[in-house]
Amino acid sequence: MKYYIIKRVMATFPLLLGISFLCFIFINLIPSDPAEVALRLSQVPIVTDELLAQVRADMGLDKPFLMRYLHWLGDTVRLDFGHSYTNPSRTVLGELARSLPNTLILASLSLVLVIALSIPIGFLSAVYKDSLFDRIMRGFVFMTTAMPSYWIGLIFMWFFAIKLRLFPISGNTSLSHFLLPAFTVALSYISIYIRLIRNNMLLNMGQDYVLYAQVRGLKDGMILTRHVLKNSLQSCITAIGMSIPQLISGTIVVENLFAINGLGRLCIASIFNRDYPVIQAYVLFMGVLFILFNLVFDIIQMAADPRLRKES
Amino acid sequence: MTSDNRVLQVENLTVRYKNRKRITTLVDDLSFHVDRGECLGILGESGSGKSMSSKAIMGILPPRQFDVTGSARFHTGSEEPTDLLRIKKEERRAVRGRKITMILQNPMACFDPLFPMGTQMAETVRENTETPVKEIRGLCQQVLKDMQIRSPEEVLLKYPHQLSGGMLQRIMIGLALVTKPDLIIADEPTTAIDSITQFEIIGELLKIKEQGTAMIFISHDLGVVNRMANRVIVMHRAKSLQQGTLAEIIQNPGDEYTRQLVNSRLTLVDQFNSFLREPGVSA
Amino acid sequence: MIKQFFQSRLSIACLVIILLFTLAGIFAPYIAPNDPYETDLMNKFSSYTREHPLGTDQLGRCVLSRLIHGIRPTLFLSLLAMAGTITLGLVMGILAGYFRGWVDEVIMRVVDVMLSFPSQIMILAVVALLGIDIRNVILANIFVKWAWYARMIRTTVIQYTGKNFVLFSKSIGSGSPYILTRHLLPCIASELVVLATLDTGWTILNISTLSFLGLGVQAPTPEWGAMLNEAKNVVTSNPGQMVAPGVAIVILIAAFNMLGDCMRDAMDPREVRN
């Protein structure tokens, strides 16, 4: 177990390095010259070639590629992503920090919805397989996987906010602003997890230990909740854990649709404004988030399984 | 043969499997009975319907896919016999695991991998007996001791994957005995384990038989059935071909399949015996 | 497998739907009742008339005509992206699986990094880098998806290179390209088709989402995601405008998903029972 965790953590480093390298290449491939941008930001009136060369030397841009990467990596580890191009008075870190809370509210609301709905529905669908309920839910799952989330959001917006006037249309000033967007985000993920849990339940229900539990005279309800559900959830731990970073990155469309000032909206706005340092930091942040969550939940899944816990 | 001794009387048991368009008959018009203190062997190759019939009697076939007809009258104590195929789901569950217990093949897969043995044994005991909560732990240990398992306290804390197949099989037998059932069904209890363990398991089962509990012993192995059973049913392709004592069947196989079965087995035994005789050991 | 596949009415229906959309896209100029770019501000937000069967949008353009012309970017660009993805994945996967050694090592490490990255974010990064343009969206899609195919194809190639008929072919002196095309490709084909069909739905969703965000197909060009973006701006005054393009997307994606499911079932009979 200890050996496994160490091995797993060690294997994460090359991945993190790979992603940081990708991001560094990204900032190096962009069409604008960082030295020129720096001069523009400090509002130098006339940009001469000598001045450019000097700034390049100051910024270390004349050093070899690898040196620049290491330098950049050092800054990044200290969370120094530089300044925004479009708004030079602001640091990239500050921009991200300002947008993060809204995205986190949205993502955690969606997470609650996803877990609260997908586990019971998946469970009931498997227990009452081929019943009316199961067939309706299968239809629901099929439809939602074919529906673009922005369209679902539009329909919600029209029906609940415009027609019924139950919720505000857009913005992020109160909790009620977040409910419709959260439900929109949740809807596309719920179907994935309903299917996952249902399939896992069915797989477990065919196992010998369920047959023997029946033979031992245990009540059906007890077999299903205590044994089958626990085993099914056990094998979904990583998948359910990964829904957290997925929800954080999956808010892009909804944030733009409902005008919520979160990370996703910041990212799209930065793409339009060619604000490369912000995009780069966002991409790096998401990449690291995915890798770390994957690591943590893999280890949790491992620790939760007695077959893997005690060995080695 | 008086009906006082009767434990189970199965008549015209038929099991059909419904699959979209096709209906497959898995057990066709099977009738048999088991008396107190008797071991009935059901002999047949895999897919002959021998396991299906026991599962149908236990009521653990999903009713949506399986269609079970016939009757299985179960006599317990001095009460009126109950038809296991007709009683309510809850009543049937009360019989299952308490009055009729079962030993399955493939013991490695029969316990939930996420719970330690102690928890799984305790939930079985709690469900099927009126043992006070404080005594459950002790009873579980006693079950393990009876099954000749060393250091029962440790075994209770272990997870299924940490125990051997033979050990798990013995725990299963122990659990089948703990409720003092009227009937034990052993479904291929020796198939998935190695031959030395097999020998020990048969020993345990023979002890149960000597104690006088009625038993149905299902196997494809003529030799094992020979050791266990008083009477035998030969099953082939969902039908029962012949019933009687093993000696009767061997001497007078009534149909082609039984004859083949007996012959192939006898040839093997003869060969084995002739090997033994060759060096000049007196028979 | 093919026989079983064609016995299912559902899969035939899906095929027919996809075929109809394709034909409508190819012959768009002949089928569409009006010019999709022709604006008529006097006649905006008109409801269903004989002249405009699905009404007109905020600039008075015929919604049906825009819908039909929108098939081209929506469906054909997705198919193009899929073709690119499969080609790149196939080349990389076969290189890694057939030659092994350091080639395999390098390709698979790149694949690992690609797969650990969330695909949506990666697409955004590529579009940000290359600039907002539909061509870049396609490139981004290929860039993001190829790793999945490379890994799958590599596994299959490794599985089959150990099989006797390939070893035999090698021993009688057939060259590598011959072995690859004659023996390995047919083995991969069926699995590839299933995966590609399921992914086509995903790609359509992706490209239209980017167009909806304004990062893909640009304004006057009719594309379903872009049309929904325009509908978003008038959702208070004319909510009906979001119905047609949305329904069209759902039908098309559902058809691809269902077709993929049917093909998988036909390939693997165990799945049917679930």
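As written, the chain order gives the labels A, B and C, with residue 1 at the start of each chain.
Here, a residue touches a chain if its C-beta (ideal position, glycine included) is under 8 Å from a C-beta of that chain, and two chains touch if they have at least 3 such contacts.
As the structure is a computational prediction, the values presented were derived from the model and not from experiment.
Colleague: What's the farthest chain from chain C if centres are computed as the mean of the Cα atoms?
Modeller: Most remote chain from chain C, centroid-wise, comes out as B.
Colleague: If you average all the Cα positions, which chain's own average lands nearest?
Modeller: The most central chain here turns out to be A.
Colleague: I'd like the Å distance between the centres of chain A and chain B, where a centre is the mean of that chain's Cα atoms.
Modeller: The separation of the two C-alpha centroids amounts to 52 Å.
Colleague: On a C-alpha centroid basis, what's the spacing between chain B and chain C, in Å?
Modeller: That pair's centroid distance is 55 Å.
Colleague: Measuring centre to centre with CA averages, how many angstrom lie between chain A and chain C?
Modeller: Chain centres of chain A and chain C, defined by C-alpha means, are spaced 23 Å apart.
Colleague: Chain B: which residues touch two or more other chains?
Modeller: Answer for chain B, listing residues that touch two or more other chains: there are none.
Colleague: Which residues of chain B touch chain A in their complex?
Modeller: On the chain B side, the touching residues are 58, 60, 64, 93-94, 96-98, 101-102, 104, 106, 109-116, 123-124, 127-128, 159, 161-162, 172, 175.
Colleague: Within their complex, state which residues of chain A touch chain C.
Modeller: Listed in rising order, the residues are 14-15, 18-19, 22, 26, 29-30, 142-143, 145-151, 154-155, 157-158, 162, 169, 199, 202, 245-246, 249-250, 252-253, 256-257, 267-268, 270-272, 274, 276, 279, 282-283, 286-287, 290-291, 294.
Colleague: Residue numbers of chain A touching chain B in their complex, please.
Modeller: Those in contact with chain B are residues 130, 207-209, 211-220, 222, 227, 230-231, 234, 305-307, 310.
Colleague: Which residues of chain C touch chain A in the complex?
Modeller: Interface residues on the chain C side: 109, 112-113, 116-118, 120-122, 124-125, 127-129, 132, 201, 205, 208-209, 212-215, 225, 228, 231-232, 235-236, 239, 242, 246, 249-250, 253-254, 257-258, 274.
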